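Look at the two complexes coming up: chain A is in both, with chain B in one and chain C in the other.
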Partner chain A sequence: MLAASEPLTVLIADDNMTDRMLLSSIVRRQGHRVLTASDGQEAIEVFQARRPQLVLLDAMMPVIDGFEAARQIKELAGDALVPIIFLTSMTEEQALVRCLEAGGDDFLAKPYNQVILAAKIKAMDRLRRLQATVLDQRDQITRHHGYLLNEQRVAKAVFDQVAHSGCLSSPNIRYLQSPYALFNGDLLLAAFTPSGGMHLLLGDFTGHGLPAAVGAMPLAEVFYGMTAKGYGMAEILREMNAKLKRILPVDMFCCATLLYLNFQRQVVEVWNGGMPDGYLRRMASDEHIPLRSRHLPLGVLSRASFQEKTEVFSMVPGDRLFLCSDGVIDTADSDEELFGVDRLQRVFELNRNPDLLFEDIHAALKAFRGESRDDVSMVQVEMVEPDSLEQPATIYSDSGASSPLNWSMSLELRADTLKRFNPLPYLLQLLQEIHGLRAQSGALYSVLSELYSNALEHGVLGLDSSLKRDAEGFAQYYDQRNTRLNQLKDGYVRMHFLVQPEGTGGRLTIDVEDSGHGFDARQVIARDAEETGLSGRGLKLIRQLSRSAQWSEDGRSACVEFTWEALA
Partner chain B sequence: MSNQHLDYDVLSALQEVMEEEYPLLLDTFLTDSEVRLNELHRATDPQQLGQAAHSFKGSSSNMGATQLADLCRQLEERVKHPPLNDIEDLVNRIDHEFAEVRRLYRDERQRFPC
Partner chain C sequence: MAVNADYSAEGKELTISIQGRFDFGSHQDFRNAYERVNEKPKAYRIDLKQTTYLDSSALGMLLLLRDHAGGDSAKVRLVNSNSDVKKILAISNFDKLFEIQ
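Coming up: the complex of A and B.
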């Protein structure tokens, strides 16, 4: 007698008492537990109550016959496999086929052959256990999928908090991003600088899902934190690169394009590491100037090898910058041909209304591929008139109890320091400790930036400000700036700060002196009064934003004052 | 040992399976068969007759009554092709065969006094 590997509960349904008794004994001898029923109805009831793992069913039974009982039992079993073996003394082919078509998994002929029965039970049990494994794995997968979706939901909620302080809703920005962009590794950040300029970053992390999203959060923190403090592009890029290099695994990195729009000077600085070409569209000439990738992505190079050199372009109000993720270029049609740069440029050429550029691109992609994609990111930024954008007020987190109101400080920054250190964010942070000055933060930063860059670039480095008159001159100017800064051996910029209470408020006096050759301040101021445009030392701006501004005769030092009233 | 009415090899296999329940099986079959025969006689339509024959065929084959099983098979087949003129004849032959088989089963039963 063949023994079963594992005892099952077997239901035997046969209206013939003899057969039922005989079969029960056979099955019991094979090591299984036996339930019996004498008609189809009883078989269904016993199955429902006791849930046996295997059913031996006589085909011809009264009340409800075997076929109908089989159908109902299978329905009650649901996803689980309960093998049904029909017991039959039918010999015709048709009848046997009917057994299988009725949902039976096998049949056993009478007279019963014990050996065959044992073998069939064993085989059916194997199938039953296989099905049970499949169902179990299916349930596990469903559960894990649920966890995954939940993780992503939480990650996205956290990220939205980190990124919410951005200025993507500014009227000069249009953008298009899938709600799942985060999990495609796409990142779009924008923030105002303290002086009223704008930083914008479009990034693309390697990978998908949570690994791609996880790098976005530290990067966003660096971007927003440093921008708010007044750090420049170079410093922010260096810090983002170093951070990603440190925290991401070796094979992960972030392609990115970073823009700095300076509305006061009507220029844009561009850094592109590994992203597809961006485009600067000059509305007057309808040119599209490509903003190419000149660097490796963030997170690849060590601090020493990282290059933060930017390209500078002049713009006029109405000119636009366009950036997109590689989803656009990489869209493939059914022959696996890529959309490519040429087709994108063609869309630009044909586009009549710049406000509909995204729609034109989408239409072109859809026509090319045959269906639309939801994983492309696009952004368009417009150069606007200075001071035309409303900046949200900075929120300070302290209580206002401590405020340094009577102090002075002197700094001298010499050649080596001028090359590699930007003092402005630290100075601004210090000055922001004076609560009365906070309302003028923007003006203060702009003035400090102008004074410092004048002292450094025109003073110490001796650059000719008239170079910045046109677009080409600009590129030349910044090239020269970098070269001369690298070669700098001597020179200094001195800054002196004096804060004194005055009446119910106070006064801040800033003195800046440089080691350069100086200039004819009177002449420049006179000229500035007439001229508008790109060039100049921004003297007009400094005078506009501060309480008073004066230059020494030789032009090597400037003295600027800010005052404030007591806070209400 | 085989005999045209009863296959004793089948009986010994049954004995091995049923062990101490073997006599009970024999009794059950005999009682059950009376019921089946009644059904055969009382059947009012071909379908009922066919079902009764089918059922009797099953148990008799299981119990080694090969000739009886075969007669039931013939009856089951026959009722599918009306008109059923000579049905009575076949039923009578089943009666006779069962009478014979019953005698042999009772002899077999005698071997287990209880």
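Coming up: the complex of A and C.
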């Protein structure tokens, strides 16, 4: 006797009682459980009630015949495979074809051959199990896909808390990004600097999915944390690079463009590592100046060989900066030809309304490829007048009870330090401990950074600010700045801070002195009053923002004051 | 896409050539090409003559090879790249890490 590997429940439906009993005893002897029915209707009812795994069905039966019963049983079985073997004494081709068409999987001719019956039951059982496995795997995939989508949703929600606490909603920023850009490796961040400028980063991690998304979190943390503390681009870039180098595997990195828009000075500073060209569009001349990739992406180079050298461009209010991910120029048509930089530039040339640039680009991509794609990231930032953007107030978590109110501090930064160290974030942090000053921290930071860069650039490095009168001189100015700073051997910037209580509030006095040749302060201030060009913004700004500002006769030292009243 | 490796015992240089798209699909083949060698080569030559396209994961693979070959002291040349591939290498500034010919 052939023993079945696992006993099945088999339904036998035959109106002929003798045949039914004979078949039942054969099947039972082969080790299976048997259910019986004497017509089609009963077969359907028994199937519904007991769910047998295999059905042996006589074709010719009263009430409902075998063909109709097969159809209904198959329908009841749904996705699961319940093999039906027709029992038939018919031999004509047409009748056999009908059996299969009605949903039968095989047929067995009367009189029954036990060996063949056992073999067929076994074969059908194999098919049944295969189908069950396929269904089970399909359900697992569906379930896992559901889990994955849910995980992505949660990860995105958490990430949005970290990444979009920035100022992407500022009126001077327009951007276009797929809601799941994070899982394409795209990252867009923007934040105000303490002095009222703006940092903006468009990044693109290698690869897709979760691996591309994990690096985004630490990058965003560094970006927001350091921007809020007043660090400049160089320090932020160094930290981002070092962090990614440390945490990412060798073959992963992040292409990125970082911008710093200084609204006070109307300039933009650019660092591009591995991103496609961005563009600066000067509205007056309709020029498009490419912001080229000059560096390796973040996370590739070691701390020692990383280059944070930036480029500086002058702008006027209304000028725009455009950045995009590689999805734009990498879009391929049906012949695998790439959209490319030239076609993108053509869109720029034809664009009349800069507010509709994204729409124009999308239309061009669609025309090129036949369909639009939603996985590209684009961002456009406009240069605006100083102080025209509303900045959210910083929320401090301490009580103010420990605010230091009577102290002074002096520091002298010498050549080696000036080359590589930016003291401003540390000084700002210290000064923010004075609660009365917090309302003015933007102005304080602007004044402090102007004083420091005046002392360094015009004092120690002896750079001539009149160079910055036009765009060309402007670039020259920053080139000279880098060269002279690298070669610097002597010189110093001294800073003295004095904080004193005054009435119910207090007063901060800052003295800044440098080792340079000085300048005729009176003349520069007089000239500054008329000047509207690119140069000479510094002194005017300092005078506007602080309560009082004075320069020594020889122009080598400056003194500014900030005061505050008691806090309510 | 196919990756072939050819070792020259004379120059102790391993040439790896990639046909078609060089992307994540070639990951395992590319790794095998430099990991399954009997003798460790002194230099590597990546022939991109028949490479039509290169994506960021391919750049990642090149970084892996560079790391495998000794990091900053690695000798890896990228040769025969077409203009599209050259552009991608230029945007990423990979000429600062590899000798591109």
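We adopt the following convention: the second predicted complex is superposed on the first by the 567 of 568 C-alpha atoms of A that agree within 3 Å, B and C clash if a C-alpha of one lies under 4 Å from a C-alpha of the other, contacts with A are read in each partner's own complex, and residues count from 1 in each chain.
Just so we're on the same page, contacts are C-beta pairs under 8 Å (C-beta built on N, C-alpha and C of every residue); 3 or more make two chains touch, one makes a residue touch a chain.
Not measured: the values here are computed from a predicted model.
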Quiz item: If you stack the two complexes on chain A, which partner ends up touching A:383: first (chain B), second (chain C), both, or neither?
Solution: neither
Practice problem: With the two complexes superposed on chain A, say which partner A:60 touches: chain B (first), chain C (second), both, or neither. | Solution: first
Self-check item: Partner chain in contact with A:21 - chain B first, chain C second, else both or neither
Solution: first
Practice problem: Return first, second, both or neither, reflecting whether A:112 touches chain B, chain C, both chains, or no partner chain. | Solution: first
Exercise. Figure out whether A:321 sits in contact with chain B (first) or chain C (second), or with both, or with neither.
Key: neither
Quiz item: Overlap of the chain B and chain C footprints on chain A, residue-wise?
Solution: none
Quiz item: Tell me, which parts of chain B touch chain A in their complex?
Solution: 10, 13-14, 17-19, 21, 24-25, 28-29, 31-33, 51, 54-55, 57-59, 61-64
Quiz item: chain C touches which residues of chain A in the complex?
Solution: 204, 206-207, 250-253, 255, 273-276, 293-297, 300, 326, 336, 338
Quiz item: Of all residues in chain A, which touch chain B in the complex?
Solution: 15-19, 21-22, 25-26, 29, 58, 60, 89-90, 110-112, 114
Exercise. Going by the contact rule at the top, pick out the chain C residues touching chain A in the complex.
Key: 24, 52-53, 56-57, 59-61, 63-64, 67, 84, 90-94, 96-97
